[in-house]
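Handing you a structure now.
Order as written gives the chain letters A, B, C and D; numbering starts at 1 within each chain.
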């Protein structure tokens, strides 16, 4: 099986720049970037990864092919709606959360249930007991360390 | 279609007494109690509902029949693991959270995504922007009001 | 935990009369009728069960409350689209298939994967190695025998 | 979004050679091979694709990372058990079935529900109204034509 996969989750157009940086840094470290495949943070993380020649997976909620943004290399069409949030985080050796609201919170919670390490990039969701990072660089560094991967 | 359904979610043996009270009060108001079907808070809420002659649904994660506690009248076997958390809250016209940890947090988050009203019974998970209740009576009262149901 | 649950699956308006008979007979035997909650065969089976004072569960695919037909007592809202087919058959101690096309075939296949006994009511889907019944009475009789239940 | 994705489904050790040929031919045509990620036909199809330098996605049922065979480049961990069968076929622009039993039948059925073209490689499951192919070459040719892709 292949290398380290990191799930990047979140939402909010105001967080796209940092998401793009996270995606780019992950790709530079050789990680595959897994997202929910749609817009904003998800699209930005994939775009960043592609800008550094990385590989991107989009795990989308609907039933049709072609839901994913143009920066997704491989689209996994789950057909299970919001239950795909479970698959997004389960597919990561670590998870980085950027912005986000309730859907992101569900993903962070599922990540803990499945014992996937989570890093919240500041400013982000307030949640006790979750590792936080002050910059995209630190988020990627912490995620890879927690994933047990070297990148 | 039938009456008001309220999902009771959570975990923690120390919360069973209050969960049982919530289940009983919901049944007295004519509501069907939906839970994840397993132990602790889920079992206690179902037990409380049965003590008042109510009807209980258990939406269980595994693939086998017979996972649910003895206080569950109707067991819905989802076979989708933690993704069944989505079904538990989606099946409620309102949701009452008692104790709980990450799995409960995922359920509260999904409830918001699906616009189901949530009431957290104190002491419970700390989460901004969620209605809180100080007693089982208040939790049931608030849940039914938010559900738009009279009970 | 409560009594025997039988899943009734299928589609096709031309099969509604037989589905209603199956639902009624199951209710008369004390079984709870589980369906996918929507129209045609699903609605007819639930209607039949209600005509005999039975209890009906509808396991629906979408995210909203209120998708189920008026003959469904308890609506379980899965939010996982066609993946709810797995939950429908998993919730039955036995499964009776009436008419149906590809969705029903997926359910029969999942029932076999999960080792739930299946009875196809003739005329129905052609599928090797599945028990067949010539009448609603025989379908119910066989389903209950295979379920290990007396009804 | 990237190129054509073809789902290869099935089971049975006796079908591995043909599955490997299908995987290799798909990779030679530039397609990404999607499978359920596990053994036998799934592993063989992925192995064949890798032998031709292709890309492979494994959509696995459990919750842990590392379930997929060594020929899977990107593992999508769904956590939803057999409901992942829906995701496998939904992620294909076309589906090729090789051998298989009930799980494969569920996938073929879901493919039809979601209007994904299916090709059964002979000898394979008997099922009316599904396109059949007599060789791996023909199966790939038909799948790509039905997918609307040139490969």
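Just so it is clear, contacts are C-beta pairs under 8 Å (C-beta built on N, C-alpha and C of every residue); 3 or more make two chains touch, one makes a residue touch a chain.
Please read all numbers here as calculations on a predicted model, not as lab measurements.
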Practice problem: Please state, in steps, how far subunit D lies from subunit A along the shortest route of touching chains. | Solution: 1
Quiz prompt | Copies subunit D and subunit C - interface residue numbers shared by over half, same or different | solution = same
Exercise. Compute the distance, rounded to whole Å, between the mean C-alpha positions of subunit B and subunit C.
Key: 26
Quiz item: In whole angstrom, what separates the CA-based centres of subunit C and subunit D?
Solution: 30
Quiz item: Using mean CA coordinates as chain centres, what's the subunit B-subunit D distance in Å?
Solution: 40
Quiz item: What parts of subunit D, by residue number, touch at least two of the other chains?
Solution: 63, 79-83, 86, 114
Self-check item: Touch list for subunit D against partner subunit B, complex
Solution: 63, 79-83
Quiz item: Which bits of subunit A are touching subunit B when the two form their complex?
Solution: 80-83, 86, 102-103, 105-106, 108-110, 112-114, 126, 128
Quiz item: Tell me, which parts of subunit C touch subunit B in their complex?
Solution: 1-2, 5, 32, 34, 55, 57, 59, 63, 65-66, 68-70, 72-80, 83, 86-87, 90-91, 93, 114
